[in-house]
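Presented sequentially are two complexes of chain A, the first with chain B as partner and the second with chain C.
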Partner chain A sequence: MPNNLISLATQLQRKEISSVELTTEYLKKIKKLNKKTNAYVFTNEEVSLSQAKKADQIIAKGAPSVLTGIPMSLKDSIMTIDMPTTACSKMLAKYIPTYNSTVYTKLLNNGAVLLGKTNMDEFSMGSSCLNGFFGEASNPYDTNRVTGGSSGGSAASIAQDTCVYSLGTDAGGSIRQPASYCGIVGFKPTYGAVSRNGLIALASSFEQIGPMAKNVGDTKIIFNVIKGKDEFDQTAFEIPRTTRQNPIIGIDEDHVEKTADKDTLAVFEKAIKACSKLGYKTVKIKSKYNDIYAKLYYILAYAEIASNMGRYTGIDFGYSTKSKYIDTNDFIKKSRSEAFSNEVKTRIMFGNHMLTGENMEKFYYKALKMRNDLVEDYYLNVFSKCDFILSPTTPTAAFRKDYKHESIQESALTNIFALPANLIGLPSISIPFGVSSDNMPIGMLLTGKRNFDNALLSVAENFEKHSGYKVLN
Partner chain B sequence: MSKYNLVVGFETHVELNTKTKIFCSCANEFGGEPNTHCCPICLGEPGTLPQLNKEVVRYAIKAGLSLNCKIPQIMSMDRKHYFYPDLGKSYQTTQSARPICLEGFLTLDSGKKIRINHIHIEEDASKLIHDAQNIYIDNNRGSTPLIEIVTEPDIASVEEAREYIEKLQAILRHIGVSDCKMQEGSMRCDVNISVNKEGEPLGTRTEIKNMNSISFIEKAISYEYDRHVDLIESGQKNQIIQETRRYDEKTDSTESMREKEDAQDYRYFPDPDFLVLRLDSKFVENIKKTLPKLPAEIKSELIQDGIDEKAADLLVKYKNVSDYYLSAKTFGDSKILATYILGEIFRFLETEEEKEQFNIKISANDLGALSLLQKNNKITAHIAYSIIPKMLKDGNPHTAYLTKEDLEGFDNTEIDKLCQEGIAAMPKAVEDYKSGKEKALKAIVGYVMRATKGKADPVYTENKILELIR
Partner chain C sequence: MKKHTTILLSELSGLEFSKDELDEITKKLEDMETYVSDICNIKSGNEIYDFDMANIDELREDIVKDSLSQEDVLKNAAKSKNGYIQFARRK
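Presenting the complex of A and B:
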């Protein structure tokens, strides 16, 4: 893919191009292409160019990092003082961040240039990027199709080359699914590998910030900059360095065949062949929990969502009702009712329902226990046989915007392969590997053990070499 | 005596005096300009995460160890949900499933143990200020660290209730985790009250929330006890309902808060922003090592030293007094020092607050030295008592007030002479003593003391008289 991170960094450092020139070029491109995809919801030329100028000075001094001067985008749920951060919700439409997220601070310390904030499903709730307050995002390869979500804007911004890389967030496939739909690489690190400080919370025990880029090599570089423990997030820690020679790849063929469509299965077959080309042994694996990932996710993640969304009362920040209210409760009720979309309200109600009265024991604690059982099962029965799991990222390529999922179960299916990584906290990466019969990108998913992020990225890099995916135009 | 037992349990919130708040680095200070001690984290801004203050964990464990609690190997944090303007995140981070301390007790003077069910750590809510139209929020108090100490319903009288709270205050002040000022809200009690007949199951309990004075607690318990008993006696037992009540000091009565408190579902669940915390046994052992002597231990040592129980109680009641006393004791005489502190010095420090602070101008060293002069009969108690108020006022050392004459004392040949004079002057006393009235000797000692204006050594004098009349 042209304009990848390493080639641009080389050009910048050889002073063949300046960051200001590069940034200007990208800003022009955004102006031209954003109408098509609505990938960006906020840009600020002044901010971007001043960061680019600073980067050029660092390069002139001869002390750049690989990221210095490289233009990137960030999902709109990642706090940036320089630009609005709204999680694409009416609730935060006028919110001005008071602090920078840890990941943004780290990128800035490396001389990164922020081009803008990318579209997403409101508060990351969705898998389509159709649910944001600032309008739908469209897949650059077919604007009648979704980008996927919730980090759809980030995926589209990379796919149409309106930035070099982006950061998304992934609580249930939200990085990997849009990456697969848009033909880019998307990586969800081990839970805790990257600080969540400054990420507008969706489901705290499920989500991670992760890099989205044009190839695995770029992804690796970005990950190494943003990872690490953080005084502002006590769940963040330093992952160990890992490698895996002669890795064994686990495949749950039955599960994939039952779920994926024909086009996806064809690409999957190629991925399995790639294993033998790479000399990787493959083994059959089976988890007895395949049918309950989505249920566990709905119960546990939505409970966390309901709790995390409580702070939006309109009192201290965010949208406040303009209509008359009787008392504080009425004020809170009206502010929330007017600012949240139905998707958000549904999840809050569902989550609170799971935590209310006897449901707490019946659903929440039962699911919590099963989540632990699932972790145990994976380590005892799956990772005892293999080092990495290979599956498609999603059962199909990007669906049409007007496609109506028949049920909540069916819509959960788009993340069926992605969810275990969130439930267990595993590193997982989607790599573009082929196309569907109608030329839409299809990604393959590699998932590793906790903390084996480096090893996973190395294996993914090797896989990528055998990818049948060519950049579409 | 009534045939109804009083059954009382306490839930006591204690504000810890750590330097910073429980989840961020904002100053943990009482008062201050509204909204000057806050940051995105304690305001609950989107994207912020808590960082548990290790000092809070240490302080809570200190409190637990001092109250004979078990410290479990792991603890976890939970969220308690409710919407109210004093709670920015709309949930309070607290402990429900796995609190930091379990199963302790506090021993009353009678030897009775008040069992502690558990102690947990949590964040305080912000302060709301109401006026006619508006509610104002002061977030300085938001996310300051609290421990909540929950007893079993073991308290059976108003006196025990007072003793429990006073002992609790003394302990927590001694270990330095809180100033326990009820008037400033750094200690607040929720009191659960029920009555029952001996041998019968517990009655329905009512809870009086947010009590901030011991005397109000006493009054409220008495009022509730009478109310419960009256309702039962008049056949209206069903009118005692499990509810939250407020004590009104103006009318000295309690009234229902008419809130559906118990119907409220707080939807407690594990806070995903915290890892389950392992309380390493070494960590706990190290905290144990830093614990000072507790009031009960100091008290029993004082009693062994010959201090009477009441005096010992007063000396350990206030942390600063106790510290001062123990320090002065290393330079002087323990009994004499107790009389100085509980007498002249406490007379000078009128309020509880002043005693608590014990900010006096006499160094422990100097007061100790003064007590030694008295002990060695260089000066009399009378002289010591007369100069302590001056020392308190001016802050000069005792040497500044003692005249040469004060310190001279009397030489023994002179005292021997006065003893002989006394014996000669009081033949009746000598006779009485010989016939077994030992006290009669005191009259002759008194004669010598008067003649020397109190400067004679009473022990020497008594021995001399005995020697002479034998």
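Presenting the complex of A and C:
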């Protein structure tokens, strides 16, 4: 069975296979493989098959889109009224969404078939997919390793071919890092290019919904369906079409050498060679702020998390304590404390710490100013020399599930190359490019200027041809 | 970081911690604060971005439209009665 979007769409439209048959095949595969990876936390055969039947009717009428009848998965923080949406939290374990997210509506309007909701770190807080209420996800390449996170279930669902594509979300590398660890493509669009209406919020000024797929071509098709202005999200806008002939690729070798391990550096060298094979000029770049990305993220994103998580009281929706309580505040405290994991509690506490008393000026306002310095530095010093930045997606391949990061500094390094795109709102894509000495996938990251999503995807498509990377069978 | 600060923060955050948890989270917050504190020593040339409402010409019109039904709004509440969320002040 061919497993990329275009070849499956061609087969469906030639009526060589029906969407019901295809969906049934995928549902069988999920039953068989999900025990191994726990990529899916919810499936509903009735819903999937009913959507597949509708897709077959659209195809029979001769009016399909390329996504019609193609089975996909969605991260469990993207609202769907026909399947649960819990953000893998005890807080929302019984939550029934009352409306569909804009991205899901757009996919349904194109005849897409939802196979299920995928595992994630609770409320997208994590980089391992070990922190969800429904159990940890495992990397299909080696089940003793993490999938990465927070969109780890989405990445695993594609890597083990239990769906054709998925949508994840990325506030600090959460699409690109798991894509790299699981050997698939993950794209974080320009901030505002895709509506966030119906996304369970983490850090609103950082996060974007984006496509995850087996190749860049599929990613491009999905992005073109989900992007665009939305009356329900004031930050969403129509990005211009962009192209870039003879692109210049910026490389910060010192930063990469200081951070990445030997295997990753070898794949990075291969990617630099691909630039010359493609006839792309490379230039050296250096941002003044390499050492503070993670620090700014900790201050600003956690402050936004503290604010966004304030809505969970257990009264109008969400988990309600069964214990005795003395007043409303006590009820709220008990409900939140029983429902949130330690990771979520820590982030709320630190976010509020950064927003309280003298810390507001000392840390939060200072970080806001530094975020502007970073934008200025990227546009005046980095993008004045190049069109796109090339780096590894992560400093290492997927780490073992039992590996404990020794310090905050070490755990902050996981997303060090991915973070600038979230701090500045840039488009950024991870492409599988090689493997480590123990055969774990390693991805390369291309990041472009704001609004240059189409140009970035075209350059990524060319890079992909030189990766020589083969997806898991 | 003083444990008293953690207690105040937990009140503000709507969370409660056991004595042991309080010690643990105080240490974590302290480590995190130490980690980010470098930014205080870096000079910033910029001011906080001042969001200029006057230059936004695409604010959504205030038009009353049908929204979620009362039934939809109430279906996630633990208890509801006569179209209201029901909540006991104490238990």
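In the analysis below, the second predicted complex is superposed on the first by the 470 of 473 C-alpha atoms of A that agree within 3 Å, B and C clash if a C-alpha of one lies under 4 Å from a C-alpha of the other, contacts with A are read in each partner's own complex, and residues count from 1 in each chain.
Here is the rule we go by: a contact is a pair of C-beta atoms (placed from the backbone, for glycine too) under 8 Å apart; a residue touches a chain by one contact, two chains touch by 3 or more.
Given the structure is predicted, the values throughout are model-derived calculations rather than measurements.
In the superposed pair of complexes, A:I408 makes contact with chain C only, with no contact to chain B.
Applying the stated contact rule after C-alpha superposition, one finds that A:P240 touches neither chain B nor chain C.
Using the contact criterion defined above for the overlaid structures, shared-chain residue A:D291 touches chain C, although it does not reach chain B.
In the superposition on chain A, A:G279 makes contact with neither chain B nor chain C.
In the superposed pair of complexes, A:S205 makes contact with chain B only, with no contact to chain C. In the superposition on chain A, A:G62 makes contact with neither chain B nor chain C.
By the touch criterion defined above, A:R196 lies against chain B but remains apart from chain C after alignment on the C-alpha atoms of chain A.
In the superposition on chain A, A:M360 contacts chain B only, with no contact to chain C. More residues of chain A lie in contact with C than with the other chain of the pair chain B and chain C. In the superposition on chain A, the residues of chain A contacting both chain B and chain C are 95, 98-99, 231, 234, 310, 313, 315-317, 328-329, 332, 352, 356, 368.
Residues 77, 79, 85, 87, 92, 95, 97-99, 101, 196-201, 203-205, 231-235, 303-304, 307, 310-313, 315-317, 328-329, 332, 352, 355-357, 360, 364, 368 of chain A touch chain B in their complex. Of all residues in chain A, only 94-96, 98-99, 231, 234, 291-292, 295-296, 298-299, 306, 310, 313-318, 320, 324-329, 331-334, 336-337, 340, 345-346, 348-350, 352-354, 356, 362-363, 365-370, 372-373, 376, 408-409, 412 touch chain C in the complex they form. Residues of chain C touching chain A in their complex: 5-6, 9-10, 12-17, 25, 28-29, 31-33, 35-36, 38-40, 42, 44-49, 59-60, 68, 72-73, 75-78, 85, 87, 89-91.
Taken together, the chain B residues at the contact with chain A in this complex read 40-41, 43-52, 79, 81, 83-85, 88-91, 135, 137, 265, 267-270, 272-275.
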